[in-house]
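Order of writing sets the chain letters: A, B and C. Residues in each chain are counted from 1.
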């Protein structure tokens, strides 16, 4: 459902992505893994429309998304959970979630959506009227994901969710994502530095290095591949 | 003692007006980092429009607010599209500087248009209730001042409800916190800024009408902008509730200044307070730490 | 080397002007251009190079004028009074200017604006009247010595900024402008350099104020404290190109000439039209005239001292 085709992206004069191509099928969980600065966040920002590409195309369910504005892409069913969460810190958990459900299409279902989100992330219900900035790291990440889900996206993009979080919490969140993928059939594209965690729950994965795709395969296969093992898993 | 309370009362009545004056400036700066120092000029223009409307039609200024508010909203809409929209793409420092320069240009234009059309003479709208006061235990409270307080309270409550109970209002708050995150929620940030800017203009119209009931001339555009800036900092950027409190606070400080040193230095007291707050508590009374 | 010869040549030409041209109009024009160049460069050092947008330079300009007038009236020769004026600006800066660096970003801009407002209101209250020059000078008012003072100070100013432009000091300033936290991280004591920047900036503003006082015979005491003196340099430096040496000079020339044209042809409307031009330049000349010249030459002439982004 997502097709990224030969995409180049520049920051001013500096090229960040070279001929990046990959696809994500409906209902899959796909990971894009690579080390710091490889271009992962740039990819997600381009898909969500925050950045413009200089060459190539991004297509979602057959419709070109690189030609429309970022806020309109949310309407199309793509939701980005950004790096660093970018919560509205001075607003409550509830208000953040409400804003996640800002687009017209989902406003009617607000209460319904809140209900199932609280099932997935009960701690958010407990802290519903707390200011987002006062939550713990893990809770903030959960809120960011929950907020992203409020727009009932077909495609959820998650950028570096493990940053700054304890491994157990990260594992819990990934398992929750897997559950969301299973129950709501939400397609998920994950970008991660923590290669193992990401690949463990993914159907397929791509490796990105220095702005180029250098490998792809099934999640489990990639985990076992020598390349990934030596480069990212500090084995062999 | 009575004299002190009297002066303080005048100060507080002024304070409500100051809060109202600062509201538009604070909103626009909070949402999009535009420093609209032309705000005082807008208020002055609104005062003149009200004056001439009264002169020809004898319509009561307080009622005229209902005309001025949408009128200024539209003017703001147009000016944003023509002048200010192109500044959106600049980084924060540039935005502030450029919006400031353009506003200053507007301020010059407004002041001079006013002088050109209507001369620098003082005007004031005089209605049946203009001189009348409410005598409360020996303290004289002018009806106009009380009217100003009432309007200020109504406007602030209305604005507060808008910003917290409506989707668009919440979108405005989101944009003032984080443009990029707001975009990711599907919010059209440009449109939000356009509306917020226009509301800012409308919020200049209202105190302008009230100002027309006191003596005014083109020079007040600068004075009012000063007041607005002071209250903006006192209140803390981005805090709506703080604006009214900040206004009252400024009014009270000025009253103290008048009581202690006499009227000519009234301004200086407020300005010194301003600088002290900037130094030691730049986030203002109600704002959050930067 | 060739450039230096050219510059010295130009300076000498300007120095010879009063001997050849006696029309007061031309001398006045050049004096004004010098005045605005001085003031704009003073802002430029702090705002253009170091990125600290000050909206309160009228304060330092005004103090310069005030102290110059005072010293001059006491009988001190003009050039010494000028030095005194300059130093007084610095003194004022050390009291209120340096502490204002506590304020970051837009708070600094607003804070300096507040300072200038305090200054003008205070002066209006303490010195409500008109400031007259020493009586003997009023009698034999002569543009020529004023012209030479203007030229001298302008040359010193431009020379200082040129030096800054290619010095390590200037580099430190630009580093602070571009990315203050990064500069701090690589070991630049940002506060110290901001202080140096403001020192140079206010010293020059004080010189400008002194020049103003020497030039304008009588004026209300508050006039050099008017906020226009805060905004004009920002505009001029922005039109010409902030953070460059030639920018403020070019900007001053354009500014003075445009003001003259409008004043002549439009009389009362000139401030109005000026406001429009103000707006126009901000919207359409973000890099200033220097930027346009650079583009026209096909050379990517961004800032003189490293850094790309404005």
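Note that in this section a residue touches a chain if its C-beta (ideal position, glycine included) is under 8 Å from a C-beta of that chain, and two chains touch if they have at least 3 such contacts.
These numbers come from a predicted model, not from an experiment.
With steps allowed only between chains in touch, the distance from chain A over to chain C comes to 2. Distance from each chain's C-alpha mean to the overall C-alpha mean is smallest for B.
Of all chains, the one whose CA centroid is most distant from that of chain A is C.
Here A-B and B-C were compared by C-beta pairs in contact; the pair with more is B-C.
Chain A and chain C have Cα centroids separated by 51 Å.
Separation between the centroids of chain A and chain B, computed from CA atoms only, is 43 Å. Work out the mean CA point of chain B and of chain C, and you get 32 Å between them. Residues of chain C in contact with two or more other chains: none.
Across the complex, chain B meets chain A through its residues 167, 170-171, 173-174, 177-178, 180-189, 288. The touching residues of chain A, when paired with chain B in their complex, are 48, 50, 69-72, 74-75, 79-80, 82, 86-91, 95, 98-100, 102-103, 107, 147-148, 151. If you check the complex, the residues on chain C that touch chain B are 51, 53, 55, 96, 99-100, 102-107, 109-111, 113-115, 117-118, 121-122, 125, 227, 231, 234-235, 238, 268-269, 271-272, 274-279, 282-283, 286, 310. Contact residues of chain B toward chain C in the complex are 33, 35, 83, 86-87, 90, 92-94, 96-98, 100-102, 104-109, 111-113, 116, 222, 226, 229-230, 232-233, 264-265, 267-268, 271-272, 274-275, 278-279, 282, 290.
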